[in-house]
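Heads up, the next two complexes both have subunit A, just with different partners, subunit B and then subunit C.
Coming up: the complex of A and B.
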């Protein structure tokens, strides 16, 4: 019952949360009606399903005593990958959503309200400044 | 290691969406998710197989997914891939 045991348990719990989030994001990716709602599933996949288990794997790599000093390399590279994914995935999703909205590549079929379109029609917001 | 089948089920669902996707951004989004699952797999297997060579691919893969997003959004807006 040392520190290693607790860290191992925490890392397995994090990897399990990642598996759960991946399955939820996969179901959402197939069941959601249009592209702009599927972005939500993609962000669950990126942050919940990829950031969390990579952090878990880094903590798990830190506990492997028999692995020698290269376990620090493994853990550090894992942390760097996780932080890259946490920073770059929402930026990429936002870019893709903006491009799909303004190029009208994605159909907005079950539409409740589109406030941006109304604002552009009224002239309060121009397309180049959004 | 007991969590790998859940990830594989998610991979199957993303592949279904990537093949079926009605528009281009849907396919790009599904391929992004496939890339994130692959990066997670690389990290998990590098810890499981105790091989630090594999994890260097995961960083590059995360950056490539971002590059795919940027280039696809630029292509969708301007219909070209830059200068």
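Coming up: the complex of A and C.
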């Protein structure tokens, strides 16, 4: 019951959260009605399903003492990868959503409200500044 | 029984060669062109099997997607645009059905025999015992004390780079020149095309500020990782080509996220051509450096010579380490030069592809009139 044991438990919990998020994202991908809501499912997949389990794997790598010093390389690479995914996955979703919205490639069919459209009509927002 | 097992790959080869011949015959006589494309894809599948049995898995990896997938897709697309039937006396439907069934049966038999001969396994982890050839490479590519192993050694722990740039250096040299010629061809076609001179405006060009900020963080990281992949080619998986392609991603990101007018600030086409030529000169120099040293000192040398061979003391070679750092002789020079050449080659291609259509049309109209 040392520190290693607690870290192992934490890492398995994180990997489990990742698996759960992947399943939820898969269901969302299939069930959501249009492109923009599906993008939300894709972001769950990227952040919940990739960032969290990679952090878990890095912590797990830290606890494996039989790997010797190379476990620090594994863990460091894992943390850097996770942080980059956390930074860049929202950027990718944002660019996809913007491109799909302004090129009108995705149909916004079950629409509750489109505040951006109203703002553009009023002239408060231009396309290049969004 | 064990003798039969040794025969099985040859039987599979014979069967798949026969089946591919049948598929070629069917592809020729078939009137329905879509079906003919299908037969040709079947023939390509058998060829892939043959390549696999002849122990060239790298060819299979290229051949299957290109010949079975891409080529068939292009053909089907072309057939859709033109006409579906060819005016040739076809064979009767029953005969074609029989032959199709035969081909399927042959495929199943061949697959079963392949599994029986342990050429294909369904195990998750690869088998622990390697082939004799693999064992030879694994034991000889890295440094060893025994002089007779040093005779064959490339002094590099990365067996793939050792094979690519040392044992089969001449092959790789010509592969590099194929890509060089392809880019020369692209440049020759686009010799009058120019990216128009326009000032880059931060607020009106490119994608949103979120994307631009993320790309500003990412591009230096990509270049650093790419240089690391390229220069560690003789130590870890990777190498010059892989590093160059990774670095080229940075150029494409700059073109797509910012603008081509932003990218030309850093990568002008003529500068890129110059740097590419420097990289190619580096490759040629690394190929001939041993013979140049030999000519200068009066010893013997060969092209693509890497390490000095203990068995022939009159031949020169490059040292495998400098100050305790493993550089594997010419492999480091090869990787660095290939990195520069590939990086700049892809940068040229991306810049040429992003020339606006209006300026291309202007050039073409000018040539017609």
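Please note the rule applied: the second predicted complex is superposed on the first by the 130 of 130 C-alpha atoms of A that agree within 3 Å, B and C clash if a C-alpha of one lies under 4 Å from a C-alpha of the other, contacts with A are read in each partner's own complex, and residues count from 1 in each chain.
The working rule: a contact is a pair of C-beta atoms (placed from the backbone, for glycine too) under 8 Å apart; a residue touches a chain by one contact, two chains touch by 3 or more.
None of these values were measured; they are calculated from a predicted model.
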Q: In the overlay, answer first, second, both or neither for which of subunit B and subunit C A:106 touches.
A: first
Which of the two partners, first being subunit B and second being subunit C, lies in contact with A:5: first, second, both, or neither?
neither
- Task: Figure out whether A:95 sits in contact with subunit B (first) or subunit C (second), or with both, or with neither.
- Result: both
Let me test your reading of the model: by the given contact rule, A:77 touches which partner, first (subunit B), second (subunit C), both or neither? first
**Message:** Contact-wise, after the overlay, does A:22 reach subunit B, subunit C, both or neither (first, second, both, neither)?
**Reply:** first
Subunit A contact check, subunit B vs subunit C, more residues touched by chain B
Check: subunit A residues flagged as touching subunit B and also subunit C 84, 88, 91, 95, 98-99
Subunit B residues touching subunit A in their complex are 3, 6-7, 9-14, 16-17, 22-26, 28-30, 32-33, 36-37, 39-40, 43-44, 46-47, 50, 52, 55-56, 58-59, 62-63, 65-66, 68-70, 72-74, 76-77
Residue positions on subunit A within touch of subunit C in the complex are 84, 87-88, 91, 94-95, 98-99, 128-130
Subunit C residues touching subunit A in their complex are 203-204, 207-208, 210-211, 214, 217-218, 221, 257
Residue positions on subunit A within touch of subunit B in the complex are 15-16, 18-20, 22-23, 25-27, 29-30, 35, 38-39, 41-42, 45-46, 49-50, 53-54, 57-58, 60-61, 64, 67, 70, 73-74, 77-78, 80-81, 84-85, 88-89, 91-93, 95-96, 98-100, 102-103, 105-107
